[in-house]
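Each in structure tokens, the structures are laid out below.
Shared between the two complexes below is chain A, which has chain B as its partner in the first and chain C in the second.
Let's look at the complex of A and B:
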């Protein structure tokens, strides 16, 4: 038997051992796995900013003064940005009084059931119409179907009425108007 | 001569394996779609096209274990978002045909090992989940890997 034959036999043995190992190990590899993916797209964060204060200016004692939501210079304006056309929840928290900074006197402020407008087209307070969103809205119950405008912005315009007393203390009065806004998932 | 005898023994041993190897394939991803910041979103396991789906093949009647490796978060660059799987978010069906809306085993816990038998048409595994974005969750596409490992139990 020459060297070539010895080599062939060794090769055959190696092949046999390989097959034997495969046969032994294959039951242990009776396991499989697969990877799937969880995915989702988070949309634009919603933001709200008070871009103009409700400003009554000078007020005379015992002379009530009103500012309409359609007053470009003096109505309160809140600007909301977010995902275009997304449904939103809106809630205004309105004060019952405005006060002097030292708290020594306060003055009644009233919001009527038509003192707010919701603008999804970002026109102006004085030019908003029903086709631009919602006009003459109750600020305590803003529309449940409100949405972010197609440009990604919605504005809220708010008016109100201040009622000074006959002996109202002169000075600068202020109060907080808080807008809470969130996506409703629609 | 001994080498030849050994080969015969090995081949004889190989002929004794009647169990075919099982396979598992991810056939649908768990897709949450658009998610609003601050608004949790759930995908139910019966939601065709949205729930994760895995297809298992193997020997009919063989028992297998199903083990998920579930992510706690989905990720995007620089942010993550919690992902939850409840104790009833998984369903399995090995009947023929398989029915995602009426599976043979429903409300299974994907957080533990699930044991089931492969049917004549294999087996489908469905998984739902719930994502909880923060109020100021960074916008963008989030992903995570869900792994399903399948193994014969020998029964």
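Let's look at the complex of A and C:
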């Protein structure tokens, strides 16, 4: 009787923890939805995340500074997950300048026609080659034939150049880099 | 303390520790890879069901500021068969645009770490709409809600803070009246380029709803051996030129090669069956140029 009770308690604990784990983790790959006429489970939601910011570090007046998309530590990295091999639309909206929070000064930021790469094999910025996706891409026109990689993930690497003036006001300059993603098969 | 009780405590602790370790590992893995999740991937509304909802979830460990707005953008293609979606935020004047009819509640929300939010959608279309389907994009824009406050010592140097903003655009389709899904394959061709078979298809939507389906393609050799295949989800709203690149295995195969193309509205797993409008099937065999 005692052993049976202990077994039941252990089983109950296992069940509770398993259910809790499932409840917490299952939304990462699937979200239930319902409306007035139908209900079901979406298995292949598309998600994107900025997993690394574009970081220029300390900047000196009148000294432009470039970060290549192949810089492992400082390039921007976006990670897109979804249905493997599905066609996706990627669109970057990039700032032409960054500005101080009070708007008193601004600084030019430039993205050249080869400042981006799209990686469907999830290597690293410094090791990506043409066979891993698309290299030396124009960030304003990312590849129209982009897909989610066979492992369910695609990454975008982005570099850029900051151009401070000779009398650039010291301070922290901010701006937005916007990535828009969508499936193109729905 | 009885021996059984001690064992029970030890066993319970071990199980708890193992599960907690697994939980932290998995949650950490989730946090470093996920943004704000949006479901479903397509929202369907109709004249009998003018409200809907999307679910947002923040699996990250930082609060996310989320804005919801509407746009218009259909998959369009270039002469090379590449497909893109250009979002237009202003009123487009497109007779098929539903972006001015739909509203979201709430439109702005701050999602705490692990938080969920249901966003209600309400559509108020004009009364005299012709039968068919009307479209808008629901754009969910999210970014770290913590913001950046310049430090006091910022006046000693120059630095940048680039805010990474993510927009997920999902399709909203409003349907009314009698619905017809029909696709025409107006031209098709295939050619061999090294170890890649390039298939080019020109399609026109002839129904009054977008044609949603799957495009299957197979490359066969002279002896009907399959040496390559592909499968993509397809959505044709008006005209679409689509290129498919099929890697093939030439070794031990015998030319001439041909491509079998099959387009069907069956088999989509990302759309609930009640929302699928069954359409025609197209089967075509293409000889390589």
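In this text, the second predicted complex is superposed on the first by the 142 of 186 C-alpha atoms of A that agree within 3 Å, B and C clash if a C-alpha of one lies under 4 Å from a C-alpha of the other, contacts with A are read in each partner's own complex, and residues count from 1 in each chain.
Criterion: contacts are C-beta pairs under 8 Å (C-beta built on N, C-alpha and C of every residue); 3 or more make two chains touch, one makes a residue touch a chain.
These numbers come from a predicted model, not from an experiment.
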* To do: Return first, second, both or neither, reflecting whether A:168 touches chain B, chain C, both chains, or no partner chain.
  => second
* Could you say whether A:56 touches chain B, chain C, both of them, or neither, answering first, second, both or neither? => second
* Asked: In this superposed model, does chain C or chain B come into contact with more residues of chain A?
  -> C
* What is the contact status of A:78 with respect to chain B (first) and chain C (second): first, second, both, or neither? -> second
* Asked: Just chain B (first), just chain C (second), both, or neither: which does A:103 touch?
  -> neither
* Is A:181 touching the first partner chain B, the second partner chain C, both, or neither of them? -> second
* Asked: So, A:145: does it touch chain B (first), chain C (second), both, or neither?
  -> second
* Of all the chain A residues, which ones make contact with chain B and with chain C? -> 9, 13, 27, 30-33, 35-40, 42-46, 83, 86, 182-185
* Structure fact -> The chain B residues in contact with chain A across the complex are 3, 6-7, 10-11, 13-14, 17, 19, 21-26, 28-39, 41, 52-54, 71, 74, 76, 81, 83, 127, 129, 131, 133, 135-152
* **chain A residues within the chain B interface of the complex** => 9, 12-13, 16, 19-20, 23, 26-27, 30-46, 83, 86, 182-185
* Sites on chain C touched by chain A in the complex -> 4, 7-8, 11-12, 15-16, 19, 22-23, 26-27, 30, 32-44, 46, 48-49, 51-55, 57, 59-60, 73, 75, 77-78, 82-87, 116, 137, 139, 141, 143, 148, 150-151, 154-171, 212, 231-235, 243, 245, 269-275
* Structure fact -> Per the touch rule above, chain A residues touching chain C in the complex are 2-3, 6, 9-10, 13-14, 17, 21, 24-25, 27-28, 30-33, 35-40, 42-51, 53-61, 76, 78-79, 81, 83, 85-87, 89, 91, 95, 98, 100-101, 107, 109, 143-145, 162, 164, 168, 170-186
